[in-house]
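As written, the chains take the letters A, B, C, D, E and F, and residue 1 is the first residue of each chain.
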Amino acid sequence: MQFAYTNSEIVRQLIKEKSIAILPIGAIEAHGPHLPLGTDNILAEALANRLAQQVDAFVLPTLPYGQVWSLRHFAGSINVSNDSLINLLCDIGQSLSEQGFKIFVIVNGHLGNQMALKEVTRKLYDLCPELKTFAFFYPGTGKIIEELRESQAVHHTFFHADEIETSLMLYVAEDRVDMNKAIKNIPNVPEEVDYTPMSWEQFTDVPVLGDATLAAKEKGKRIIEVAVEKMANLIRQAEKERTQS
Amino acid sequence: MQFAYTNSEIVRQLIKEKSIAILPIGAIEAHGPHLPLGTDNILAEALANRLAQQVDAFVLPTLPYGQVWSLRHFAGSINVSNDSLINLLCDIGQSLSEQGFKIFVIVNGHLGNQMALKEVTRKLYDLCPELKTFAFFYPGTGKIIEELRESQAVHHTFFHADEIETSLMLYVAEDRVDMNKAIKNIPNVPEEVDYTPMSWEQFTDVPVLGDATLAAKEKGKRIIEVAVEKMANLIRQAEKERTQS
Amino acid sequence: MQFAYTNSEIVRQLIKEKSIAILPIGAIEAHGPHLPLGTDNILAEALANRLAQQVDAFVLPTLPYGQVWSLRHFAGSINVSNDSLINLLCDIGQSLSEQGFKIFVIVNGHLGNQMALKEVTRKLYDLCPELKTFAFFYPGTGKIIEELRESQAVHHTFFHADEIETSLMLYVAEDRVDMNKAIKNIPNVPEEVDYTPMSWEQFTDVPVLGDATLAAKEKGKRIIEVAVEKMANLIRQAEKERTQS
Amino acid sequence: MQFAYTNSEIVRQLIKEKSIAILPIGAIEAHGPHLPLGTDNILAEALANRLAQQVDAFVLPTLPYGQVWSLRHFAGSINVSNDSLINLLCDIGQSLSEQGFKIFVIVNGHLGNQMALKEVTRKLYDLCPELKTFAFFYPGTGKIIEELRESQAVHHTFFHADEIETSLMLYVAEDRVDMNKAIKNIPNVPEEVDYTPMSWEQFTDVPVLGDATLAAKEKGKRIIEVAVEKMANLIRQAEKERTQS
Amino acid sequence: MQFAYTNSEIVRQLIKEKSIAILPIGAIEAHGPHLPLGTDNILAEALANRLAQQVDAFVLPTLPYGQVWSLRHFAGSINVSNDSLINLLCDIGQSLSEQGFKIFVIVNGHLGNQMALKEVTRKLYDLCPELKTFAFFYPGTGKIIEELRESQAVHHTFFHADEIETSLMLYVAEDRVDMNKAIKNIPNVPEEVDYTPMSWEQFTDVPVLGDATLAAKEKGKRIIEVAVEKMANLIRQAEKERTQS
Amino acid sequence: MQFAYTNSEIVRQLIKEKSIAILPIGAIEAHGPHLPLGTDNILAEALANRLAQQVDAFVLPTLPYGQVWSLRHFAGSINVSNDSLINLLCDIGQSLSEQGFKIFVIVNGHLGNQMALKEVTRKLYDLCPELKTFAFFYPGTGKIIEELRESQAVHHTFFHADEIETSLMLYVAEDRVDMNKAIKNIPNVPEEVDYTPMSWEQFTDVPVLGDATLAAKEKGKRIIEVAVEKMANLIRQAEKERTQS
């Protein structure tokens, strides 16, 4: 149920029993010639909507701007700071808590947001003792991704506009993918990238990090399903513990 | 052209000639039983999209959270602080300027955001001398609203879920309006509201401030058209001055 | 009663019954060759003192620095940021509340301060539930100004060193006005000024916005009286509500 | 020359040769039954005006609010934080520098402001390399105070509403002093006051720290003269170095 | 070479050729009954000193306070915020850059600091374009730890006072380890710990997460050597690139 | 007892009776050719350790970075801002209070930190009503220094790498002093240094302010003993008052 399309009257009636709010967050970020700038938002929304069907929750409007420091110099990227994200999300969390929500689920489609989100969950933990906040970025999908991936990973944690992310998009928004423009780009990512800040244009000309031509809808479907199931289980567990205590 | 659905490659090619970015911003706010919580976002998007058709611009994804201090205690409202809005929007503006945009147009559908937006335009004026920032909230519509309005205005500046706003929604998103639930609510707004902070629940039980039953699609159409034309003229003028200088 | 000239002992005895504090705030801002830089402070003090005679209040020392972004490049203007104003005034408000004051009235003589003041009143509303804060800028004077004004307004909200403001000064501090230097200056204020930041030197050579030669003491008297009466009525009403509850 | 009473036109003409701005700052603070709450402001203004007569300078309007942490719980004190003071004064300094001022002299009448003022002078040193900022609190008066004082000092650095401060007030604003209410109060100030925060009400019932009955106008005159001469000499020296370099 | 024990004269002479500064950072954090509170500082120093022997660098004094949110409720932990760490470390980095250092290496012994350190490296990247900043937390040790570990890991990323960390301490500071008090503690770490904030006392009574009884000096030696070699190689590479460009 | 080398278990048992925490703080600052950069840290630690032997306290790890604005341009100095220090120390104080400590003693070896420390003690006074915070910088040593000093003081408050500070170092860390390099440097410190910011390189070529050749271990011993005794007495007094109330 989309929170933006419901109304005040309905929320007032349902809030006591329907006290989970899911916020999708992504980014506007260069994803090469075959994927749109809003890829991470589309994926976060797809995950959030599927998750809401599994648990009794409202889906909040997507926060479409994220921290894209590493790709900020590629055309089309819009970068916001960790501090700005943290403050806005803490405001939202506090407001949700005052409204009576008990579980705040941030479904993130963009790796670069994770640090800010971790800080948000901790700040809200102290600010709103009644609210439990989750921050999810494809939880539980490590194994399935390893199984499905046919190309070699360019880097141990980044996946960006590659076989995997393109597969996810084929599954949730096929019409936003132009497979004719999908490319294979295997740059040599310097080892120091894990220890010192690097703008990605320092090691690649195009904002694609892998072989997008190997993408397949079915792969995306499998990964999305695993992530949604993992999130649903964790929320159901939290809901159970909350109502029992 | 929706920025989120275009891609990095296209932006790289077009940015020099297509250097106007339009950002819709609204709020999640209680609008009574006949209008959705996301009303201000829907209206901001409608204005932004129509404006983009008139001037050669990208439409950025909507920032759907706003400052709703006055109605924060009504069910469904999500309130964020002026400071959080200002910081996030300044980040976005700086990023747009670094990307090569020359004109940043914030199309606002929610009165409560205006103070933050004014501060944003001024901060960006100093931070990004190359960028011109506009903040619009239904510009130039004072007269047409006075002409069209059949009910008396409850307050000299607020219009909220009333004849006017409901008319706007009927024109741009009729399926999101439930006219069966539209009500007339004429609370006695205390005079001191202009001089001291008041939560609206202090003077009204429902978050409707006027007579929504008098709403009509045609009224909304006229107001939207006036606002869009005014914005388009101002932007065309700015564009002309910029390219001439 | 001037707070600065009373003493600790007296305040200790009177604070329970005399719990209204009035703070004048203005600015140091270019007002052309016929009015002093401190015009807005002089006017704010005049309003505050007259108001204090009507309600049982202390008048605090004037805060003489304000936000003068638009005229900051004219000789003599001193500009402070909204954030600095907000923080200082919130400190003052909190201190007044701890001292036992119940009503904090900010009498503002400078339009540019209004945004900061609105934020102050809201922050104090949350920080000090026992304190009621008003921010006044010539309340209730719209009609009388329209009636009295002989020259056409240069802009729908600005009045600056013009017929009106000069009249106010003639009434409250005639010796600070040099009518021999009063000029008529009717610049063409661009329409975009309402939507994008403009330094006033972009459209006028002198910091006068209207016809100061038409100023008259009697006009100033009428406007001041209306403003003071409006403020006094609102405060008396608030005082009544407070003591009844 | 009072800056607030001059005008933009005059400043524009004089700023190149008259590039010293003097800002008096004090506080609203309990000073017992014989001295007004605004004592520190009155003294700062008196020093500033006398100083301006010696050097060619503008006197800015007094900033009448200061940091009164130690006496904040006495009736009538208004306390503002160091951070708020620092930010406001840095704004003022930057604005003065943009206006063309070269020397910014802060004449302080309240010991509690000194820490904030030191930080201000250092921040402005980095922010405005063209501006030289002084912060003065009765410079060079150590010896003369020792000579004149008949009562014993209650504490090695505090002087508050005592023989000395009352003498200063008798000299500069005799009509604001009620010597009939002047008292002798010699509390036992705990030694730890220099090392751990103490609210003064922990060791004294009245906000007087010494023997005010020994105050004499002539004592005040001598101290003021020494302070003014010291400030004038330092400014003249700085002015000389500046124009020579 | 310990920076704190060298002197200004020597630094002045060597800074051009010896332009690498290594900062150890750890935390004061509960590590059970067999390891001291300063374990992470001791380890960071040991790594930093060994690294300095491999590359021509100064070792700065250890910053001994870190972010220990998860264990803040265990006796002896001292927790500082990410924001405080970030600001202090950015100050240090800027100062080093102004002093002429070219490479700033933060050697971290405490996982909880990693988020703050990543932000620091990025902020310094923008603030000090001449300075290259690294943040290391046992780089390159994943494989060797897997090989050496005899007990099962309690969690995929945490290692705390367990077989591994105790081994590290046995190698670098055997006299600070009391193996008689080493315990095996295998709590059931809830899966949700990766997605929502949990204080560790929610799932364990003692701040040990694994089997410390299996610790061995030789294991620690191997891991330290791998980490030091990895850091040295990356710094040598950066040094080479810098001097070549 | 060094807090860093004790462990969680011991703290848990002792905290109720051993509730005093001593934090040494100094700086990394140029001290000429005969004293190390870490001089102020070494001295702070020496004072802290001696103090801990007199009162039943834990000694926390030294915070080795301080505010060295005045000497920041001399080789080897590392400068951090007052704000960064204040925030970090307030975090530490709050954490100590949550752990159960009742008295927090900051033993400072660097004059430049005093302003930040005063702010810290006041902020903690409000944040942690249960915690009493002291900030000490050689308390009670004024007279003994005057007695012992053979050279004239270069300035009324600064003592830096001179007879006095070198004597202190000879007593507590003789092996860190190179008396062969000790020099006499008596620069002409401009009078304005007390009223306007000056970088010390403006008046001296070397970061020594006095005659270090006159240093003697015995002088240092006497000063340290006086300071330690003064601190111990004040803490014992506070401890007594606390346990009695």
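Methods note: contacts are C-beta pairs under 8 Å (C-beta built on N, C-alpha and C of every residue); 3 or more make two chains touch, one makes a residue touch a chain.
Just so we're clear, the structure is a prediction, and the values are computed from it rather than from any experiment.
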{"item": "Touch-network distance, subunit B to subunit E, counted in steps", "value": "2"}
{"item": "Same or different residue numbers at the subunit A/subunit E copy interface, by half rule", "value": "same"}
{"item": "Most distant chain from subunit F by Cα centroid", "value": "B"}
{"item": "Copy-to-copy rotation for subunit B and subunit D - C-alpha atoms, rounded to a multiple of 5°", "value": "120"}
{"item": "Centroid spacing, where centroids are CA-atom means, of subunit C and subunit D in whole angstrom", "value": "27"}
{"item": "Length of the line joining the C-alpha centres of subunit B and subunit F, rounded to whole Å", "value": "56"}
{"item": "Where subunit E touches two or more other chains, by residue", "value": "none"}
{"item": "Ring order of chains, beginning at subunit E and proceeding to subunit F", "value": "E, F, D, C, B, A"}
{"item": "Contact set on subunit F toward subunit D in their complex", "value": "69, 82, 115, 118-119, 121-122, 125, 132-136, 139, 191-192, 194-197, 234, 237-238"}
{"item": "Residues of subunit A defined as touching subunit B within the complex", "value": "2-12, 15, 28, 30-38, 41, 60-65, 72-81, 83-85, 87-88, 91-92, 95-96, 98-99, 176, 181, 207"}
